[in-house]
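Here it is: the structure, laid out below.
As written, the chains take the letters A, B, C, D, E and F, and residue 1 is the first residue of each chain.
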Amino acid sequence: MPDNVLKLGIPAGSLQESTAELFQKAGYRITFSSRSYYPTIDDDEIECLLVRAQEMARYVEQGILDAGITGYDWVLETGADVEEICELVFSKVSRRPVRWVLCVPEDSPVRSVRDLEGKRIATEAVGLASNYLKQHGVRATVEFSWGATEVKPPTLADAIVEVTETGSSLRANNLRIVEEVLQSTTRFIANKQACNDGWKRNKLDNIALMLSACLAAEGKVGLMMNIKKEDLANILDVLPALQKPTVSSLSDADWCDVYTIVDEKVVRTIVPKLKSMGARGIVECPINKIIE
Amino acid sequence: MPDNVLKLGIPAGSLQESTAELFQKAGYRITFSSRSYYPTIDDDEIECLLVRAQEMARYVEQGILDAGITGYDWVLETGADVEEICELVFSKVSRRPVRWVLCVPEDSPVRSVRDLEGKRIATEAVGLASNYLKQHGVRATVEFSWGATEVKPPTLADAIVEVTETGSSLRANNLRIVEEVLQSTTRFIANKQACNDGWKRNKLDNIALMLSACLAAEGKVGLMMNIKKEDLANILDVLPALQKPTVSSLSDADWCDVYTIVDEKVVRTIVPKLKSMGARGIVECPINKIIE
Amino acid sequence: MPDNVLKLGIPAGSLQESTAELFQKAGYRITFSSRSYYPTIDDDEIECLLVRAQEMARYVEQGILDAGITGYDWVLETGADVEEICELVFSKVSRRPVRWVLCVPEDSPVRSVRDLEGKRIATEAVGLASNYLKQHGVRATVEFSWGATEVKPPTLADAIVEVTETGSSLRANNLRIVEEVLQSTTRFIANKQACNDGWKRNKLDNIALMLSACLAAEGKVGLMMNIKKEDLANILDVLPALQKPTVSSLSDADWCDVYTIVDEKVVRTIVPKLKSMGARGIVECPINKIIE
Amino acid sequence: MPDNVLKLGIPAGSLQESTAELFQKAGYRITFSSRSYYPTIDDDEIECLLVRAQEMARYVEQGILDAGITGYDWVLETGADVEEICELVFSKVSRRPVRWVLCVPEDSPVRSVRDLEGKRIATEAVGLASNYLKQHGVRATVEFSWGATEVKPPTLADAIVEVTETGSSLRANNLRIVEEVLQSTTRFIANKQACNDGWKRNKLDNIALMLSACLAAEGKVGLMMNIKKEDLANILDVLPALQKPTVSSLSDADWCDVYTIVDEKVVRTIVPKLKSMGARGIVECPINKIIE
Amino acid sequence: MPDNVLKLGIPAGSLQESTAELFQKAGYRITFSSRSYYPTIDDDEIECLLVRAQEMARYVEQGILDAGITGYDWVLETGADVEEICELVFSKVSRRPVRWVLCVPEDSPVRSVRDLEGKRIATEAVGLASNYLKQHGVRATVEFSWGATEVKPPTLADAIVEVTETGSSLRANNLRIVEEVLQSTTRFIANKQACNDGWKRNKLDNIALMLSACLAAEGKVGLMMNIKKEDLANILDVLPALQKPTVSSLSDADWCDVYTIVDEKVVRTIVPKLKSMGARGIVECPINKIIE
Amino acid sequence: MPDNVLKLGIPAGSLQESTAELFQKAGYRITFSSRSYYPTIDDDEIECLLVRAQEMARYVEQGILDAGITGYDWVLETGADVEEICELVFSKVSRRPVRWVLCVPEDSPVRSVRDLEGKRIATEAVGLASNYLKQHGVRATVEFSWGATEVKPPTLADAIVEVTETGSSLRANNLRIVEEVLQSTTRFIANKQACNDGWKRNKLDNIALMLSACLAAEGKVGLMMNIKKEDLANILDVLPALQKPTVSSLSDADWCDVYTIVDEKVVRTIVPKLKSMGARGIVECPINKIIE
């Protein structure tokens, strides 16, 4: 047992697998057991605990956990006083942040939050919804919803404040988005006292560095190509290099090899251009991590 | 569309299937669609709505629903002012009521609710737990638990108030039951105004009659046997008849046939006795409903 | 191997399980093997073969099969010249017949089959659709659809002719029913020559008798009750008996026992009435078959 | 805790569910828990333990269990000295007993056990196979097979001794049955000393009585019909009654009601005959248990 | 909404997942929703539509779609007049093309298509089969098969024309391949008018370039090794380089580093040779795309 | 059909998938069919056969197989005289070897194998357990266990010898490990005669080379970074290079690019250090195989 240990909360449920995958890419192997809420991790200086995303910030604030992974929405909802180490932009379905939105039935006359005076609003995030109404000077009843919130209007509620990624569940229930209440991404948060402890702060920073390196690499690839030396300058000009391109010699002395890192999403537009400018043997390779 | 309609809440989730099965036995076919929270029922005078058991009493109290099926625990937790039409004693795993219990880790020094002064208690039923503590004059922090409550002690809570049927999940988490907070069974509840409406009251009573007839029949069977006329009096004496036994003639005039309804659980003890007293051709038949 | 054998087609796919269950209730155990299209049946005089419902009538007409179970829709679609032994009114989801309907998008101007002149219609039943158009004097393009027909309008087709039971898939795709093309139920069909063979005709009739006895019993139950002899005449008057009620003596000579068969769906209305008229110990029992 | 307790072995695996279902029908509710090999039973005088069918007889012989359910094959294979209380003829796939058969590849020259001199035989039942070879004076190598025995010939074995119900797995592997080594059904066995204990013997007999009553009822049904009094004698003559038919009066005095128990499999042949002899309102009812 | 949009058909069913994976590798993220036949794609210039492979060519020919992915077999079967942009050689089970074959039962006397005069042939591809028979001057009945075609001979058909990848389903049904009717691979097809539109043609070519780059990379890997400068020439001679090898310097000046792309399937034979010729630190790396 | 063929046993069951994946990485595609125990492999010189891990060594010793993959535990248990080609350290759950351990109930007085004199030990590996007892001079009864061994103590056995990876199943059954009997990893074994055949020996060595290259690469990655030429020497000093780092020029002449292979598990500690020493654009890339 090491002297120093970082108590780390892993979010149970929808973020659990993506969190474990991210840590695995970052070099930390987290193993879950169906019988235990204490996942193991191959770093003796870390102790993991599975905690609901909704409760994470509360336990981090209380110091029961030194740090944890959870959504910005639930940090706000609980109102917990915690330190944000870094933002982790990942999500199972898409790369977009989740959105909490105010919705009403398609045919409702409600057009703005101000039309909700005196109405009933159902939501799983009573704090978020109440604050939003207050900011806009609206008095309404906010009822906690135990689930299936999107089917409640119009019978069981006049409006809802609900989380959505793609909007498809809202459309399927004939709901219209009135306003966006909050955009939320995943965060790596820490207890404030833990941040003042030198050893823990350094540990938190190293973990954050590795997690960020993985996320930064997610949409990037290595691009390698053979270029005639006479074309080199022109082609380097159009390469959207994230770092300095590597230029190596080839067995044929008139040619050289260029390697660089680019955003995956520009590949489909830049490759036809590179080919037309004379690049040959263009090869795309995967990368795991990048620290710029 | 009929003039009179009863709006009936069906509990979504763990009670959903058993509720639908009970209604089916009672002669009402409820059909769920994966796309809708409005199940159909083959009675034009009833409109169904799927609602969480936790929220049922609230919506019945508000009159959004005329009646609904939910647990006694959630009626108490919400504190809703509703009318109980009848108790429905059924449950998927067993015939026993569910119990809400106060639990601590096996090795905790806590022996009674009075030892919880100043402690943290996690529970999904904050109202039930707070009332129980108050009744015993104990001040403690009750925190809402979003789930997996039974894994929280001792790290995330000192004690929990949790629901259990068989106790196996508690044992698996090394928890000890300190006290029972509540026993709860399923109830058929109604809005108070609906109960004062003659048509609705009659409709509610008829549904209750049929549901109760099915539940009463669940543990009962018909028992039919051939008996020599000379043995009839003796055997009728030992038959634990729920109603008057039917005596029919047989093709052989020295014998008669006796049919009666008995508890299924006495069959295994009474059949050997009946056989030893001369009963022959003992046949057990299933029954669907019984109204005594 | 018996001298006479009836070659019987069992419909593969959506009707397969319900057909096997019906035969099981009727006293014939059909066993499927994942490795074979020749199910076994515990009657040496029958040989089963799994055949698509769509192809059943064709093979019965050709005499490859003596008889088979399939839908009336596919009998019509193939135009096969076969003998209908009896109708079998059962269906997995409901007791209603399936319907083939002409559908268009909700916002289509099409209001009647006559508005389809020159349009494109997608359907799995090209024959049914073409005949229907012809009967109404409409010329349009009918295209065979390999599946997912209900998602084709408006991009891939102007209208569709599609089968539906509850209509929920049509609603989910924003389709409106313009007209009903056909109602269809399951049929027990036979080859015409087989019907002229005495042995086969008798075998077919016996199977039909047992299948029909099961289907007739599906919505019926036995109702048994104790009645004071003085109330007997009155109660017999209101009993919707399908046959003559059985009246037996009870151990208490002032009472008698009445047993009768009623439609299950009247139980929920008649039981309260019987109780109010003095019937006691009302017991509902299941029945398997009924031949009136 | 009662003074007397019967330790009962329930077979884990393929017989587990059918054993629990049979006990449930017999009036004993056995509940399995995924976390425990000690199923609960609603009879305080019985303690259950899940044990492999292969090991059951061994533990019953040693007295670790008082009684157990297992196959006759495994009783023989272990050579355990136990008492057979009764045979329980049930099986998930069919009503036929399982068979252990000696098999070879379709094209093997082996035609009888005598052709196996010097060959290699793979089997999960080394004792059964060795005894069989010995009885026929054949010397051969019998190798224990850990599973998938039917795929071993011809590469990994010359022949196998394998269990089969329908033979379909043998056919799929192109194996030919040379001889049947053993037919086996399920047995209720007991420890010899337990049988000499009065209380345990009586308990075992009562359980056996109820289990047998359920199995006896499995293929039987009640048949009820209205008969004109003048036809009664003729019809009673053809009724294959398992017991004395019950004759009750009807509201119409010219008719009477006859109720009797018959084998389910004769229903499909006797019902057409009864109808032709004048029986009307023929109703088939299910039965649960029968003790003749 | 951009001015120009390419309407692209994605094949529903067995090719759906592999198509989406190929597009993902090519840099286009296609997202399916269980509720919609309009998958989303992260390119505003493309609109996707899920269409059966069997119907794809028809809708591309009609111009409802600009382009689509489908099998060559279904292009031929429909006889649609479309432009083939490129061949996409991929398949879920293997890299081999699918084959449509003419099959008969193992013991059938049929040895060639010419033996089928007057016979019945069942197939899902009536057009392909009829053309094939016509080409060989054979007159026979071709019947459309709704599925499970391979179980039809000999009872329901004399021969079949069926698709196969590995032949295992044919062998399991004891069928023998008589002749191969067609080999088919996946194609990227386009509407002829769309091909004449400059913007659409360029878009189609760019997509084809990226798809082909991924498929070309599928069986290839990067091979990197340290080589003594004196061995360089010899080793470059034996390297099956797809492009010019990259030669880089090492920290140790007597050695250099060589990187090249090779077919994955030669790695297992060339690596032992390279090692024996002095290469050290041989490393194989994955690649995503290659444009030669 | 080639002249020379290597008969290779693939372990059925828990090792099957990981074996196939390892071969796939090594360049050999093994395809399983649900209908066959003869997997195909894309190397004409190899024939595969699925064999239980427990029986593998026996069939390799007998020469029915030339080689096979199995656990060291089962090689010992069978006592087969085979040649070990190489150790393959892989496992589905973890990278740790499996362990056979002697266990007793938590509260058993047994503290060492010597306390087992006269006791009953249940195990699936009767040979291993008996040898272990013999080595320690202990006489006890060893009974073959057909499964679920860990639930047997204390009722059905006093102790068990059981395999474990993480120990979680033992803990869940309240068992305590007394001693470790054996550590076991996966082995590539061969028949002794096959090893003396030149062609087979060479084939075995080549397969072993490729398998080992994949396993060696599993925990390794490529690390690439830009370094100022003036920092190069210092950074090369701290790089834990598994081979000579590759140094390439960059477009900016003051910088160079360094590529090297490192253990994945040091990345999380070395990357912060490299960054602090001036490395920029640090990129981690995956590798497939490494031959040092």
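Everything that follows uses one rule, which is that a contact is a pair of C-beta atoms (placed from the backbone, for glycine too) under 8 Å apart; a residue touches a chain by one contact, two chains touch by 3 or more.
Just so you know, these numbers come straight off a predicted model, no measurement behind them.
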Mind listing the chains that sit against subunit C and also against subunit E? none
Are the interface residues of subunit B and subunit C largely the same numbers on each copy, more than half shared, or largely different? different
How many degrees of rotation map subunit C onto its copy subunit D on CA atoms, rounded to the nearest 5? 120
For the pairs E-F and A-B, output the one whose chains share more C-beta pairs in contact. E-F
If you average the CA coordinates per chain, which chain's centre is most distant from that of subunit F? C
Most remote chain w.r.t. Subunit D, using mean C-alpha positions, is A
Could you grab the centroid distance between subunit B and subunit F? Build each centroid from C-alpha atoms only and quote it in angstrom. 53
Rounded to a whole Å, what is the gap between the Cα centroids of subunit A and subunit F? 35
Can you compute the centre-to-centre distance for subunit D and subunit F, using the mean CA position of each chain? Integer Å is fine. 44
Mind pulling the residue numbers of subunit E that touch at least two other chains? 35, 172, 248, 285-286
Which word fits the touch map of the chains here: line, ring, star, complete or other? other
Every chain pair meeting the touch definition is listed as A-B, A-E, A-F, B-C, B-D, C-D, C-E, D-F, E-F
Which residues of subunit B touch subunit D in the complex? 93-94, 166, 168, 172, 221, 224, 226, 248-252, 255, 257, 264-265, 267-268, 271-272, 275, 280-286
Quick one: in the complex, what on subunit E touches subunit A? 26-28, 31, 33, 35-36, 42, 206, 209-210, 213, 217, 222, 236, 242-248, 259, 261, 285-292
Interfacial residue positions of subunit F with respect to subunit D in the complex: 12, 35, 37, 49-52, 54-55, 58-59, 64, 143, 145-148, 151, 155-156, 172
